[in-house]
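Below, chain A partners chain B and then partners chain C, in two separate complexes.
Moving on, here comes the complex of A and B:
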């Protein structure tokens, strides 16, 4: 009975993994195929791999390198600005007796529930009127309006976990407020910062809906540039697959780096209660 | 140049909105003194310590360290050492970094810092743990680490907020004795908050007993124990607490359960309370007839619960087997062991 059950669970996990991995596998395989191999039926699992698609999308006439650069500028800009603003804001919300603190918490969550399509037109009009269409600052500021509340909301609980006596001890030890924040508090929320950075960066990197409306020919992130390879006459499947693999790379790299940080952050968390035992 | 560590608190009050956490206290702590702030929770003792540390500011009154008014000074600039109840060690730093932190904040040169950290760690016997993190230490070791972080400052004033309350009973007794030795050898002034009267009695040179946001009595443990100035203090200090029995005055003589007691007070008549410590009650053949209700055997002594026509009393006797439960006995006490209090005001009445 028990073995049957664990077998069923294993099977379910397997199905889940296959369903999840399949599209990625499809993209990766096709990115190394020629157009002929892609269209072959039945699909070929063994074929002569070629870098032709990569060569084309990276160095060809329609190179996506400027778009990758745009995506980086937008994502890093959004992440850096978000964190600079979110860390002090979350700390303040966690610590200070601000009037309307509860209301602020609700407001922050409410912004996450708003359907983006509902506000995309006003955003478009605002950006057009101030001449920020198709600019980095325009896209970053719009992304900020979503990422900032989310980042604050995520960070607050990390700050709240640190006993207030810790800060009082630092004050008695001669540390000012900023030194306390920098030397005592921030190191203890490193894990939280890592998690938040990953979420904010990935959200900005993967964003499509706002980018499609607010970007143009100057600032064109990878998610939008992919459409260069889809036209009325034909779809360049191999090149499209190559672009999507390139677009996935930073996500994977960041995930691997962040994983270590997150684990480290959790260990710090485990020690955190030590002082209160 | 006088010794460092003189503390003067003048009419200090702390209000939280309309609620008075501290109604106005005055006291003076001499350099090198071990001064306990004793009281039940919510009595204002911790508030007082926080005001001394500069973590809170008083609503009224002044605080002076070595003659200097520090009332408006932030904790950061007061140069006092404090041990928190939770120890408040920094979990992301090693023990060495924890102890060095106050020195770092004071911009102490590196070589001097290293020496002083080692020195402080040696004083509390944790020099072998310097490279561990607080989470890898036992409760007792964490407590020592917190102490070392306080010692390393070489501040004249030590503030201790129930530093032993998180230790188990055996460790608490050991650490208590060590703490006293440490304070003596460092020659610092210590202000020690506790709700445990035994801790205050054993550690303190003098103590202030807090109740309801006020100091009710200040004195050496011996003084407070021997001459509690009110019914509340009498009932709070001593374990088991003093027996308090209702009585009345008849021409200046206290009358307890119909029997005149062998002493007189100035006041002529009124309701009073007679107090006798359990250790001052003699159980024997002479005196007021009583019955043994319960014997609590403590090994080398015992506490006897007795009932007599004046009510219930508890007595401490040397021999647990001297009297059995249900036995008819007699109780007596000396005139010098009797404390008298006015029933209405609670104040102590002096024998004439």
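Moving on, here comes the complex of A and C:
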């Protein structure tokens, strides 16, 4: 009985590893192959690794460096703007007496119900009219629609963990409200801010639908640019693999760093998910 | 694991002993709070509520980027057309098939893995990291990896396995049924680790004493699972179901990259149909009506799920 059980566990473990690691590992392996090795049949697991594909996608004629730059500008811009707006709002919702607080909380939640495919149509018309298609400000402002509610919810949960005495002590000292918030409260939620930043960045980096509609030749994140390597006539397999790996790298690094908080980040405002997939 | 969301709807703890001086400070507090909230709320109104109202207005218009001379007020024409549109009903059915199958698979596989791995004493961190990988990736990248390196006929690894198993090379994304199965598998692959992580955390938070008591009662493993574990996990499971249903209904990137809704309309869930109508066929008016229909479906389904949740909580 006992051996049967441990056998079942080992089997599950094995399936788990193969099923979930393999597609990622396989992309990584492919990115180090020559076009010849990658097309080999049966698939090659052992081969002489080369950086040729990376050299080509980074410094070749179709360099994706401008696209990586685009992705970073969009993600960092979204993160900064989101945090500037979300931190004060979350503090007010978590700690202050606000008229209509219940309604405000519900409103933030309800905004997440809107299907992105619905709101992209008006965005598209408005941005086209004001000439903001294919601009960073256009994409970044629109990303607020999903990053802001998420960040407010996550930050509220961190603000709620601070003891009230902190503010009271500061008030007794005669410190103004803004000073208290900046000097006393914000340092208390540094960890929470870091986690929120990671998730907002991640969601902005991964967003696709808005980017597909709004991007052009100037603003073109990696997730869109990878299509350059796939065409009906010919797919540059090794280069495609290299681009995929480059696009995966930042989010995997952030995900692993934030792994302790990932469940919280994914389930915050549990009534509706944070991520926009 | 604390799965409930932050309690922002709750009132703040009452501060004892309000005096006249406090009342002035309370008014100041309100003003301060409003100043802190206003920028975020203005941004939210501008990026969510305004587009929603605009969307509803567009859905009452005839708006065709390909034929702008025909544009004008259409009243409920778009909605009347929608109700008589077989492609709409088909996409709605596909949405439901896609949502139900991916959510059920995620919960069942995620729960099974969580139950098995919970028993492991060492190496849980390794699995947590492995589980994080698919979840943090862009669905567009996941779609690209599967489409090219896993499913391409006579090149992808899955196809290689099928050939090796004597099934022959399959047209994984070119055959209508197979394409639907493929996009369901890809979504399940990416998001099962999420269900796994949440359920594993919930399992770890269950008190051991209950199991001890059950063991003394000589309940079998299956009995323990059905009568103890499952009811205790119910809130977490319901939460996973709600979250994943909402995401599956608006799944876009992976399907777009892998099949773009095709072949034909074989994987065109309602979300994809609204996109294609608006941005491929350039009928923004009708596309908006489809998006509103998707919103209504989302609201109906979430209402049902919330009722379920409340009933079970009671």
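Please note the rule applied: the second predicted complex is superposed on the first by the 239 of 277 C-alpha atoms of A that agree within 3 Å, B and C clash if a C-alpha of one lies under 4 Å from a C-alpha of the other, contacts with A are read in each partner's own complex, and residues count from 1 in each chain.
Definition applied: a residue touches a chain if its C-beta (ideal position, glycine included) is under 8 Å from a C-beta of that chain, and two chains touch if they have at least 3 such contacts.
Since the model is a prediction, treat every value here as computed from it, not as a measurement.
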Report task. Could you let me know whether more residues of chain A are touched by chain B or by chain C? Result -> C
Report task. Applying the touch criterion given at the start, work out whether A:4 contacts chain B, chain C, both or neither, answering first, second, both or neither. Result -> neither
Report task. Give one of first, second, both or neither to describe whether A:173 is in contact with chain B, with chain C, with both, or with none. Result -> first
Query raised in the report: In the superposed arrangement, what residues of chain A touch both chain B and chain C?
Result: 268, 270-272, 275-277
Query - Interfacial residue positions of chain C with respect to chain A in the complex - result: 1-9, 11-13, 26, 28-30, 32-34, 36-37, 39-41, 43-44, 46-52, 54-55, 58, 112-113, 116-117, 119-120, 127-142, 144-146, 148-150, 154-155, 157, 160, 164, 189-191, 193-194, 197-198, 201, 239, 242-244, 246-247, 249-254, 256, 271, 274-275, 278-279, 284, 287-288, 291-292, 294-295, 298-299, 302, 306
Query raised in the report: Considering the complex alone, what residue numbers of chain A touch chain C?
Result: 5, 8-9, 12-13, 16-17, 19-24, 26-27, 30, 39, 41-43, 85-86, 88-89, 91-99, 101-102, 104-108, 111, 113-126, 141-142, 144-145, 148-149, 152-153, 156-157, 160, 164, 177, 202, 205-209, 212-213, 223, 226, 230, 235, 237, 240-241, 244, 247-248, 251-252, 254-256, 259, 262-264, 266-273, 275-277
Query - Complex contact set, residues of chain A against chain B - result: 163, 165-166, 168-176, 179, 183-184, 187-188, 190, 268, 270-272, 274-277
Query - Footprint of chain A on chain B - complex, ascending - result: 53-55, 74-82, 84-92, 101-102, 105-106, 133-137, 139, 142, 149, 159, 166
